[in-house]
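In the two complexes below, chain A is the common chain; its partner is chain B in one and chain C in the other.
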Partner chain A sequence: MHSGDHDPESGGHDHGHHHHHGHNHDHSELDEMELRVRALESLLTEKGYIDPPALDALIETYEKQVGPRNGAAVVARAWNDPGFMKMLRDDATAAISSMNFVGRQGEHMVAVENTPGTHNMVVCTLCSCYPWPVLGLPPVWYKSPAYRSRAVIEPRSVLAEFGVTLPEGTAIKVWDSTAEVRYLVIPQRPAGTGGMSEEDLACLVTRDSMIGTGLALTPDEARAKGLLS
Partner chain B sequence: MNGPQDLGGAHGFGPLPLEENEPLFHDDWERRVLALTLAMGASGSWNIDASRHARERTPPAEYLSSSYYRIWFEGLVRLIEETGLASTDEIASGRMTEPPKRVKRVLKEADVAAVLAKGGPADRSTETKAQFAVGDRVRARVMNPKGHTRLPRYVRGHTGTIERIHGCHVFPDSAAHGLGDDPQWLYGVVFDAGEVWGEARGGDTLHIDLWEPYLERL
Partner chain C sequence: MSASKPACDTLLQSPGLEVNEDGPVFAEPWEAKAFAMAVSCHERGLFDWPTWANALGATIKAEPDLPYYKQWLATLERLLADIGTVPETERLDRVNAWDRAAKATPHGEPIVLGRDREPHHHD
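Moving on, here comes the complex of A and B:
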């Protein structure tokens, strides 16, 4: 372990549950990365380039505050409020920022709407671009070579791995996020949800349904998963 | 660059690494890499395009066998070395042996929320007129720059239709190399999947954001 004036663990975040690593499997990627990252953080702190409490605040933001529930609230409102849906179609950045979901990796938003004949799916073949303010940080599969390579050339086989089969004749639109524009899929509103509140509707909207690798849940599916009472 | 990052249409990567109830981070170092990357990004020592270019310069075999946070880490180390903020030896040892360089800003805890909320909009004002209009037929240029580009290989040489004008945006091919924002018109271009892949794909389409220098009129 390094020693230095600044202990990277002094920022108050919880490392406790990871301490079992490193004692059992030497030379693994985990041990190596843990050491290299700590050394870098220690060095950058000593150089005065970073402020460790700011690092904790960054982590806290994406662990606790920003995530797919934001996007679900956007979709539920779009389903419930035709005026908001129109705003989302016309200027998704403005519509989403009206709900206070703003900032890094959501500066330029476009909403793409699934319809009975069209299914949208989002990928970043060149890196890991993802709409952070509405979906949070991307899952590992989204950043994986398997997803990035296959989404554009065989979207149906990708969907099959998610258990999604589209009705015959559905056209798939794959959005490759090559620029700073970020895409949010508005899944189709499930049948039998006419009288539901916006809050309950949001429980039907999964992260994957907003990437386009899933569909919105039916109320029964959401109840079975314990997402809806 | 025709590097390991340009994955669209490649074969052989197998099934998706799906994980039930996947945690946001798989280990604590991933959290720290995220935060270090964002905090150093906020120091103003490089832009997002230079960051992406640093990651895609990870040697292909290493890139393809690394977790994404590891790719971020390798990219961050590369940027720190290349900008002279720290030496390779210092990074390895974790100890400062050379005085620090001046950075434009040190991100403080109190500013994190505001900095994240502000983000980094890429649109720029311009005097130039967009050369293409919605509905115009275009071809993605065949080009193989050794530097950074956001024109994926799988679409080069293929024909599409302008479906949206996003505005004038920072041009990554320039910005990644310290050549300034060099704003260029950015378009949403739709391609027929059947034309791109050379076999019938029903009505499937590919929608790719491409800057004007990537396109030629048909």
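Moving on, here comes the complex of A and C:
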């Protein structure tokens, strides 16, 4: 970093604490990160590279609308439609865009399917590459150095910490996302979900199950969490 | 928010993204802004995504202990300086301008750039 890590003056919010600006009011204070973001935002706006309302809309989209729900819809359809499952396995990018979930981070997707013999798990050791249009924003732990390194070295114990215990004979494959290729795990369809609608099935698909740090919920688990009526 | 929606739709209102079991995805609003600015600059063609990912990877490697979105913002600042969109000096001048504006703004009022040059309203 260039600008140094000093705090731009600490404190400053004490009431009755007067500064030498000639004002009698307590002044405002922005911390270093707020200042740096405002600086860049105002400059990029002036130069025409960002539009503040569009920026807010983008944040709103990633926070609220995308969520892991797009990915869940993809998985639910694959469970219910063998043709779509095949398409997803063969060309995930095309399959996902056929559902109109496209975007800058979802452009090069590879879907890896969990089976009784193989469990897949995704990590990005380099920089937290993540299929945002499909899974929303990454969880905090996905970005942590500990997860990034340990998922590769000791996936089984990482999974255990997430509460996932796999049968002894199940192999674990760890996929390293890059800027070019992003992975989506297709979790195994839970037992006892034969007659369920795609919409209800999607309620069983958690974000973690599509990263491979969790399994899809059973209908009972989903009901217990209030996700399914 | 209507009661008739499928229960899992309520997920969109709260957890998963904004807040999950590990805490909020964006701890502070500036983090969301930093995130969205990079995406927006990419959309405007200032850099391709592999370039961004490599630059972010380099920052993380160089400063592994920095919190993620500080690494993110530092990467964006450096990349924009490198390609000449926002030179370092221009950026730092603007940081200082916002700092002066904030300090000239009474607590609780919106902070506006140039506030420190008021109350003499002449350009």
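We adopt the following convention: the second predicted complex is superposed on the first by the 193 of 229 C-alpha atoms of A that agree within 3 Å, B and C clash if a C-alpha of one lies under 4 Å from a C-alpha of the other, contacts with A are read in each partner's own complex, and residues count from 1 in each chain.
Assume a residue touches a chain if its C-beta (ideal position, glycine included) is under 8 Å from a C-beta of that chain, and two chains touch if they have at least 3 such contacts.
Only a predicted model underlies this, so the values are computations on that prediction, with no experimental measurement involved.
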Discussion item. Quick one: is A:227 in contact with chain B, with chain C, with both, or with neither? Answer first, second, both or neither.
Written reply: second
Practice prompt. Using the touch definition from the top, say if A:181 reaches chain B (first), chain C (second), both or neither.
Written response: first
Practice prompt. Based on the superposed arrangement, let me know which partner A:69 touches: chain B (first), chain C (second), both, or neither?
Written response: second
Worksheet item: Is A:58 contacted by the first partner chain B, the second partner chain C, both or neither?
Response: both
Discussion item. I'd like to know which partner A:136 touches here: chain B for first, chain C for second, both or neither.
Written reply: both
Worksheet item: Touching A:203 in the superposition: chain B (first), chain C (second), both, neither?
Response: second
Worksheet, complete the sentence: In chain A, both chain B and chain C touch residues 2, 8, 13, 21, 29-30, 33-34, 36-44, 47, 49-51, 54-56, 58-59, 62-63, 104-105, 126-128, 136-137, 139-141, 143, 145, 178-180
Worksheet item: In the complex of these two chains, what residues of chain A are touching chain B?
Response: 2, 4, 8, 13, 15, 18, 21, 29-30, 33-34, 36-44, 46-51, 53-59, 61-63, 102-108, 110, 123, 125-128, 136-137, 139-141, 143-153, 155, 158, 161-162, 169, 171-181
Worksheet item: Inside the complex, what are the residues of chain C that reach chain A?
Response: 6-8, 11-13, 16-18, 20, 22-26, 28, 30, 32-37, 39-44, 46, 49-50, 52-54, 56-57, 60, 63-64, 66, 68-70, 73-74, 76-78, 80, 85-86, 88, 90-92, 94-95, 97-99, 102-109, 111, 113
Discussion item. Show me the residue ranges of chain B that touch chain A in the complex, using the header's touch definition.
Written reply: 5-11, 13-19, 22, 24-29, 31-36, 38-40, 43, 48, 52, 55-56, 64, 67-68, 70, 73, 76-77, 80, 85-86, 90-96, 100, 103, 106-109, 111-113, 116-123, 150-152, 154, 164, 166, 169-170, 172, 186, 188, 193, 197, 202-211
Worksheet entry | Residues of chain A defined as touching chain C within the complex | 1-3, 8, 13, 19, 21, 23, 25-30, 33-44, 47, 49-51, 54-56, 58-59, 62-69, 72, 104-105, 126-129, 136-141, 143, 145, 178-180, 199-200, 202-203, 207, 222, 226-229
